[in-house]
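Chain IDs A, B, C and D follow the sequence of writing; residue 1 opens each chain.
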Amino acid sequence: MPSTCTYSVEVRITPRKGILDPEGETIARALDNLGYEGVGAVRAGRLLRIEVDAASEDDARRSVENMCEELIANPVIEEYEVLVAQGATAP
Amino acid sequence: MPSTCTYSVEVRITPRKGILDPEGETIARALDNLGYEGVGAVRAGRLLRIEVDAASEDDARRSVENMCEELIANPVIEEYEVLVAQGATAP
Amino acid sequence: MPSTCTYSVEVRITPRKGILDPEGETIARALDNLGYEGVGAVRAGRLLRIEVDAASEDDARRSVENMCEELIANPVIEEYEVLVAQGATAP
Amino acid sequence: MPSTCTYSVEVRITPRKGILDPEGETIARALDNLGYEGVGAVRAGRLLRIEVDAASEDDARRSVENMCEELIANPVIEEYEVLVAQGATAP
């Protein structure tokens, strides 16, 4: 009986609402310049996939949330969302 | 009758399999250094949300795929996935 | 007689003092984890090189400063410095 | 007598010549879209400032070069330059 499983956890980090997003704005301007029509707002964020050994899906999620709070996200400008993929596999 | 709707399209850009990902490796090392146990591979990518006016969901997807090919993604090191959110709204 | 020369302008974008810099902190942690000793603070910024046609070095600098204000830098968290390289060449 | 001094080391990481640089290209397109004239190539890189305790400027440089090789730079697409600032201070 495995004591832990390996979970694949996705972290979605996006600029907070109301925070300037020069990278997204730059992409929107560039797309307009290339002739793409109908492009509205573009928001640019980051996407991490983290493999975590944990005793349960909840433990995996909580661990990654702690990582975001302690290291990964910049709370001044970013918010994050943590998603645990289904189908954990024993390591 | 609206001729177009506004679609919210998500682009997920991730490092190609086999390509070095120093940013992900750096995060994995830093998490280990902070005492997080059970952290395996970390892969770091980008996440874009693009609002697009289009005649259909398929048109929105194709337009954003073209943007990725022409500008957004770096085919040497990145692959991308385009997801159109449900629930388009008339502009 | 050329009316403009091409200047190579460097833009150095760095996190404002006092602003959290998770990317720099992550690199510092990862270096410690790899066994590098004596690593103190790490700050992570961006470096752009922009070729600009302008009538003078001062014009080139002012133009790029305007680009930073309008598009490139995020004033909430970043500051920037503009350096015009010597040795402009006629286009 | 201090056995080491603290050096402030700058790392300039830039896309290799001939490698696609979608971020730089995106910025160039956006600047054109905003009406900036005379903008040629834009190349986008990274800038790190690392404080390192070392016995000499050469040791500081070598240590940071090792960091770049082992962790920081992606040799597939990036090259780097290491500059040690003058005026080291005893820690």
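Basically, a residue touches a chain if its C-beta (ideal position, glycine included) is under 8 Å from a C-beta of that chain, and two chains touch if they have at least 3 such contacts.
Just so you know, these numbers come straight off a predicted model, no measurement behind them.
Chemist: Which pair, A-C or B-C, has more C-beta contacts?
Modeler: Between the chain pairs A-C and B-C, A-C carries more contacts.
Chemist: Which integer distance in Å separates the CA centroid of chain C from that of chain D?
Modeler: 10
Chemist: When the C-alpha atoms of chain B and chain C are each averaged to a single point, how far apart are the two points in Å?
Modeler: Centres of chain B and chain C (C-alpha means) sit 26 Å apart.
Chemist: Specify, in ascending order, the residues of chain D that touch 2 or more different other chains.
Modeler: Residues 25-31, 34, 71-72 of chain D each touch two or more of the other chains.
Chemist: Going by the touch rule set out above, what shape does the chain contact graph take here: line, ring, star, complete or other?
Modeler: Topology of the interface graph: complete, with all chain pairs in contact.
Chemist: Quick check on the complex: what are the chain B residues that touch chain A?
Modeler: So the residues of chain B touching chain A come out as 4, 6, 12-14, 24, 27-28, 30-31, 34, 36-54, 63, 66-67, 70-72.
Chemist: Help me check something: in the complex, which residues belonging to chain A touch chain C?
Modeler: Touch residues, chain A against chain C: 19-22, 25-26, 29, 71-77.
Chemist: For chain D, which residues are in contact with chain A within the complex?
Modeler: So the residues of chain D touching chain A come out as 25-34.
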